[in-house]
Amino acid sequence: MSPSMSDLTAIAPLLLVAGTALVVVLVDALAKRNRILGPVLTLAGLAAAMTFALPALGDAPASAAFGGMIRTGGFTSFFTLVFCVSGLLSVLLSMSYIETMVPGKGEYYALILLAVSGMILMAAAGDLVVFFLGLELMSLSFYILAGFARGRMTSNEAALKYFLLGAFATGFLLYGIALVYGATGSTALAGFPSRTGGLQQPLLLLAGLALLMIGLMFKVGAVPFHMWVPDVYEGAPTTVSAFMSTGGKAAAFSGFLIIFTPALLITQPALRDVVAAVAAISMVAGNVIAVTQTSVKRMLAYSSIAHAGYILAGVVAANPAGSNGVLFYLMSYTLMNAGAFGVVSLLENPDGSMLTFDECAGLSRRSPLVAALTAVFMFSLAGVPPFAGFFGKYYVFAGTVEAGFTWLAIVGVLMSVVSAYYYLRLVVLMYFNDQPGGQAVAVRPFGLAAVIVAAIALIGFGIFPSILLGLTARCF
Amino acid sequence: MILMQLTCCAVLFPLIGFLFNGLIGRKIKNEGIVAAVGCAAVGAGFVVACIGFFRMLGLPPEQRTLTLDLFPWIVAGGFRADVALQLDQLSVVMMLIVTGVGFLIHVYSAGYMHGDPGFWRFFAYLNLFIFSMLTLILADNFLLMFLGWEGVGLCSYLLIGFWYDRKFEKGTTGDAAKKAFIVNRIGDFGFLTGIFLIYVTFGSLRFQTVFTQAAAMTVGTPVLLWITLALFVGATGKSAQIPLFVWLPDAMAGPTPVSALIHAATMVTAGVYMVARCSVLYALAPVSMGVVASVGAATALFAATVGLVQNDIKKVLAYSTISQLGYMFLALGVGAFSAGIFHVMTHAFFKALLFLGSGAVIHAMHDEQDIRRMGGLGKSLPITYRTFLVGTIAIAGIPPLSGFFSKDEILWQAFSRGSWVLWLAGFAAAGLTALYMFRLVALTFQGEPRWEKGVHPHEAPATMTLPLIVLALLSAVGGFAGIPHSLGGGNAFEQWLEPVFAPAAEKLALSLPQVEIAEYVLMGLSVAVALAGWYLARMWYLKRKEIPGLLVRKLPNAYRVLLNKYYVDELYEGAVVKPAVRGSELLLWKGIDVNVIDRVVNGIAQITAAAGRGLRLTQTGVVQSYVLVFLAGVVLIVGWLLVK
Amino acid sequence: MEQHILSLILFTPLAGALVVALLGRDASRLIKTVGLLFSLVALGLSVWLFLVFDGSRGDMQCIEIIPWIPALNVSYHVGIDGISLLLIVLTTFLTPIALLASWESVTVRLKGYVALMLLLEAGTLGVFMALDLFLFYVFWEFMLIPMYFIIGIWGGQERIYAAVKFFLYTMAGSLLMLVAIIWLGSYAASLPGGAFTTDLLRLYAIAPGIPMGIQIWMFLAFTFSFAIKVPIFPLHTWLPDAHVQAPTAGSVMLAGVLLKMGTYGLIRFCLPLFPYATFRFLPYLAGLGIVGIIYGAFVSMVQPDIKKLVAYSSVSHLGFVVLGIFALTEEGLQGSVIQMINHGLSTGALFLLVGMIYDRRHTRLIKDFGGLAKPMPVYAAFFMIVMLSSIGLPGLNGFVGEFLILLGSFRSSFLGSPWYAIVASTGVILAAVYLLWSYQRIFFGKTEHPEDQALPDLSVREIAVLVPIVLFIVWIGVYPGTFLGKSAASTKQLIHRIEETRRGSFAGASLEPGHEILPGERR
Amino acid sequence: MESLVFFFLAAFAVTTAVLMVLQRSPLVSAIYLIANFFALAALYLLLRAQLLAVLQIVVYTGAIMVLVIFVIMLLNLGDEARIHPRIAIRTWVTLVLAAGFLSEIAYVFSLAGTPAEGTALAGGAESLGTVESMGGALFGKFLLPFEVTSLLLLAAILGAVVLAKKKG
Amino acid sequence: MDIPLPYYLCLSAALFVVGVAGVLTRRNAIVVFMCIELMLNSVNLALIAFSSFLGSITGQALVFFAMAVAAAEAAVGLAIVIAIYRNKQTVDIDAMNILKW
């Protein structure tokens, strides 16, 4: 079977991103001196992918390409958008940041592009095989990116931990796929999982789904499969953490949505309860542990565990509000978490030591702009209106309540209060603490631009959430 | 009609005076203008009152109740209270007293307060007081009355604390002022409750509506009992009756004209006025009547005993005031409403006179108030002495001065309508009154001078003596307004007020007063006891001065109890104030607020943080422990799913 | 223009904040002037609103609906009735005063300060205007941010603790309300032919039909949130901290306006949305109100810090408001409404006064003062008037509110006993105790502290700040009809509705308790 | 006969696997793993997956494991240190959890064979794993995944280059 | 006589669990990685078994891709190990605990 033109247009964004990766590698090899070309090409590639993804945003009915391997349509496009945004922000943040660690690395941008390709594959997957490969492509890139600052022990350690745990989780994921395949006789997602063929053994299917879910939960960083998250996010270069925690998480959740569809969860109430429990534990553990952190990056890592819990609550809801909420949440989370990590990257010591809370003291004096942006991200992460973070939470909880999981929503909101405490702690130090001194803010126009864009988008989506909600509603 | 507009103006004049003096008085460096404005505002009121009185005389008795609706005050839901005035026989009497005596005291103050840095402020407050008092007595509903009621309390507060930087007894004038306000507030609490009950019962707060409806009710209706008792609580606060009298002696911390005006002549009688105003309600609640009479009699006797041993010239007068107020309530309690009001009037004359006289003494002695350091002042202060003596005779109830008529009326009514116990209390108090008042005169004006060297007492200026003289005249002749039938008078005063109290009288089934032999006997007894008091005072304090000392030695405990006013202040302090303050601080604030509630709130935060500290230790940094947790999760989830 | 008047009022301060944000950081005079100007424009607009508002109608007026988030069925739906009208006017009235009050005392980061004050105003206005629960919630939470910064940046020594406590306390409550809001929305969707909605007017129609078992939880969630804001005992402990630490203008806004959001919420949401639960819980809430009255007064009495004293007095005063609300009588409710305004004026003014003396002496401990009446007679006079208003002296505003509340609760058939009112009346005594005592300690006696002797009296600016408040204190005290008249029809309608519901004649009220459905079981 | 082969191979695979885990020398562990992979390749043949059996040898044993051994020798890794007694508890927990997981999965699998399909290889199984069949699938239905593996390998190459390069 | 499917599956499960146990107990990073490879291989066995018993090629194709993934992972993993060894002179994973709590 040779791919038709329509197949190719269906994966145009993927082709663009992957192609750009190749070009970047080549350019890096050929024009060693030119440091700006790689990132610029990357940005161009991602932007182009976004423009190709945009027209399909309105297409509600998903159509298949590559014989069902790929699904196109609003869902895929929306996620492509999220991934590209995550990529764009990370690349902007990385420009000149990554230079401080490893000078002149075109591979870095190529790997980001490859990771984005993997993510797109995951979201577009019409078959578990494609999904698996996309996941591995993304993970592999992440392992490398996490260890990219190879001179730093923390980066090494993060890469190793991520790699070992990731590969271990892959084992379970693959086992899950195997069992599902055995039970249903196919890996295609169309009609999944209620179709004839296979062994038709409900327990086999259930066990397979459970393992598959565990693999995904590992990727989203949900408790108890979250242990890698703090160490990796802390050890990895900050811009990479920004990328992993946003695009990576979004991709994993796209997997959740395409595999654990509302229809599946409703027919498997036990599975749904497990997701609910995991969501609740994630919210609690992530937020509670984050309270005691002294490193901003690590705090963000724990908070991302908690956010995984919130988003999972949207999955639990298994209704339009919940699913749309997940999408909205992911977009806003991408913006705010990339922004938050971005701010950290701007404030970090060049020597690679972790940014502590205390170092942020009095930031509003040293750099009012950065402080204000941080405040926006923190309030948004805490879920305070009118920032986009609030609407994500609202939507997700709306779905949860509607689905009868009110207790989960209550856990969620209570934990939001806890989270507000540590998010605000940063604001407190920046604004309410008048100590002079502290680290000067690095001058990185691109990074700053990325953060500003993210903040503006957060406020924009906060005040006019319909811009996004109109799109998410047509994704399913 | 025009009279009501005038009355309205009479109320407003003092308000304007208050605003004028209060806002720009400080800028005017001229005491004359300030005083003139202040006096004129009240004087105008007096003129209006007189006009009103005479116009009213020209009307048939049943048309003598005039009202004027100004504007709605509080309207909410079904509730409505207007700012509206009502002028009737009772109001006009009160108005005459308030503006008349008030005017004299204003004039007096111009001299008394001369040179005080707060001169303007003083007149502003006085005018505000007159305004409030007029509102109180002219209100046509309970709520507006309450406005005046609270207003006079406020002015009392302001004026007691007028010399805010002075010491007073154990504390400061501020303590006294605060005490006055707070004790009054306790009474107001009762008044307010009464108002609520009235509204709930009658659906209105207008006097006319309420009283008309009440007139149709039967005697002994329970709600009326509660209404009247609640109102009476208010009256005990304002009129310094047991148990809320404690503020009045302390109120002497204010300048003496204030004591004369507010704490003797006018404000303290507001309670009497209020009960009299509600005579119908009381008439329907016999139990309340009994309570009023008993409290009045008890207070009269009680305060008189305390007055016996006080050494502060104003304190003696203060307890005397309490005692006399007790008489008034005694009268009200036995249904002799007009007798009570009559005593209000005569008391206003002679007690204002006495206070102003004492003010002149204090003025002369350079703020010395202890009568143990006075004596023989009669020579230096002839006018003061003579007028003071007139007042003393009047209060002692020696005919034919005013006090005799009013007090005798009360005692007779207490006997004939109440019981002999009430009479006996009043009778004893009358004797004591004469005793302590003549003691006061003896120690202050007569005998040997006991003041320190360097003090040169001198007579007060004309602005002060003139009011004394006028008041002395009034004290002397004021009683003739109400010469009882038994003495051949027509009791014009009672007749004047008769229409106001007619509904109550009807309920009480009172017959027209009959002249009886007993009345003459009692009259004679009371005169005798007054004279006995006078005689004793002369004996003990001028002739045989060792007797009081002897008595003190003989009855040390009794003396101490009396000197310390039965330790009521100490009781309140120990039983209410201290526990409240300590309890609030230790139990409520530092206990519940800080240690319980806040600790719970912060505790939740601390528990969360502690949980965080504990949980983060699971993140050991060792990969294999992570894998372990992972695997545990897998086993749990898969196991649970399989079990399901 | 008239049909957009609410939006105009709402967006004027927002625009002001934006303009201020664009000004140069050093142009402090310009910043202040611009901020004040915008707040005055908002005031002018709201006065206009006050004039055009039809007080004879009890329903919502000046309604504007613009679809906002169609996916959630959320609209920008604003409108007011007489109750919100008064609070809006209060807000716009206090904001310029607060700005003027901090004219000189705030010098650092002025730009942010003015912008935040305007944002705070906008947020508060939004709360009072919103007719969509979602919109309401957005404003409700949004206003936390400026207040948080105002306390945290310009506050006192313990400002951080206070700011964080304020934020978390309030957020904890309001998030539970959020769940309840969502639940209501999905309840609406579950009805035959219904759709997810948070529109208040639509929810009014269906909410009484919510089964009792659920209504209770909804009511508790809403009430918990509002109770924290009010604050109702025992959820009040954030308040003393926040008040004491906040800068003067912050305290003014906090006490003057923000606390009212809680009581407003009770009136606007709890009563009409969950009438049955209200009936069930009103004895307890009224009881808590009374506890607040007395407890607040006692604790206030022994405070060594004047500001804390005033803060606790708020607990006491707001207790009256709560009692009035849950009396469910027209008098009580009217009293509560006017008492909210009164408290805003008198406590706001008290905070201003405390701020003025703090600016001079940099202490707020009562024991550090004494005999201030001598060096500062004008100050003493203003303090006296405001204090008397707070005590509830007839003729001043406080009395009108307290009287109506007590009257309303006295004759409330819902409370069923006059004892609520009688016990609450003791608060009238206690208010006198703690305020007079502190007044005496501050102003009376000899001027013993050397620093006090040369204190300058109030400046023209300070007098200009206080005079408008005092004018309204007297106005409301003497002729409250101006204001009561505006809210009369609205309260009447609300009470009427509740009484209808009790009688069982209200539509949708026939669901029996026990016939309960959970959201998840609907399908 | 076939079952005999199966049981032998199964026993062999399990034994080598266990031995690999128990060994303290990484090199010896690697050797055991290679042995294990051979057993697996044989099992693949038993399942008629010819191409994969070959690939198992070529890719896994020939490429991956050689690489591993190469690295072990490059780094000159010695025996692992003894397990710390504190961590010995972890071993026990591991065993319990592992046993738990095994029993869970085994329980599921024990139910998997009951339908008819579970007892015998499918009809077309013989030709399923041939190079032709696999090639057809990989370049037909699985064309896209197949191409994606190239990206995967590209990423791996980049990673190896970036990470393993000497500092500088 | 054919071997029933559960036999293969149980063998696969056994190997998988042995791999898991290895991951948990071994301290040499490379050995841990080898144990993970064992896990992947056991899954491959299951997949092939399913594929053969179901007569569906997908399973075998997936194994093919899994092998590719394993190869790529091996390259990356070993590179990471080398990078660490360069910095720390050890591949003992218990020594990798700078990042914790």
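Miscellaneous remarks
Should a chain be cited, it is by its letter among A, B, C, D and E, assigned in written order, with residues numbered from 1 in that chain.
By definition in this document, a residue touches a chain if its C-beta (ideal position, glycine included) is under 8 Å from a C-beta of that chain, and two chains touch if they have at least 3 such contacts.
Keep in mind the model is a prediction, meaning the values are calculated, not measured.
The chains in contact with chain A as well as with chain E are B, D. Chain pair with the most C-beta contact pairs: D-E. In this view the innermost chain, defined by its CA centroid being closest to the centroid of all protein CA atoms, is C. Chain centres here are means of the Cα atoms, and by that rule the chain farthest away from chain D is B.
Rounded to whole angstrom units, the spacing between the C-alpha centres of chain C and chain D is 69. Mean C-alpha positions place chain C and chain E at a centre distance of 64 Å. Distance between chain centres (mean CA atoms), chain D to chain E: 6 Å.
The distance from the centre of chain A to the centre of chain C, each centre being the mean of the chain's C-alpha atoms, comes to 42 Å. Counting partner chains per residue, chain B has residues 605, 616, 619, 621, 623-625, 627-628, 631-632, 634, 638, 642 touching two or more of them.
Contact of a single residue of chain D with at least two other chains is seen at positions 87, 90, 94, 98, 101, 104-105, 108-109, 112, 117-118, 141-142, 145, 149, 152, 155-156, 159, 162-163, 167.
Counting partner chains per residue, chain E has residues 5, 9, 16, 19-20, 23-25, 27, 32-33, 54, 56, 58, 61, 65, 69, 72-73, 76, 79-81, 83, 86, 93-94, 96-100 touching two or more of them.
By the definition given earlier, chain contacts exist for A-B, A-C, A-D, A-E, B-C, B-D, B-E, D-E. Partner chain B is touched in their complex by these residues of chain D: 87, 90, 93-94, 97-98, 100-101, 104-105, 107-108.
Partner chain D is touched in their complex by these residues of chain A: 1-3, 11, 18, 21-22, 25, 66-67, 69-70, 102, 105, 107-108, 110-111, 114, 117-118, 121, 127, 129-130, 133-134, 136-137, 140-141, 143-144, 147-148, 150-151, 159, 179, 182, 199-201, 203-204, 207.
Those residues of chain E that touch chain B in the complex are listed here as 20, 23-25, 27, 32, 93-94, 96-101. Every residue of chain B that touches chain E in the complex is listed here, in rising order: 616-617, 619-624, 627-628, 631. Across the complex, chain C is touched by residues 321, 324, 364, 379, 384-386, 390-391, 394-395, 397-398, 401-406, 409-410, 413-414, 416-417, 420-421, 424-425, 427-428, 431-433, 465-466, 469-470, 472-473 of chain A.
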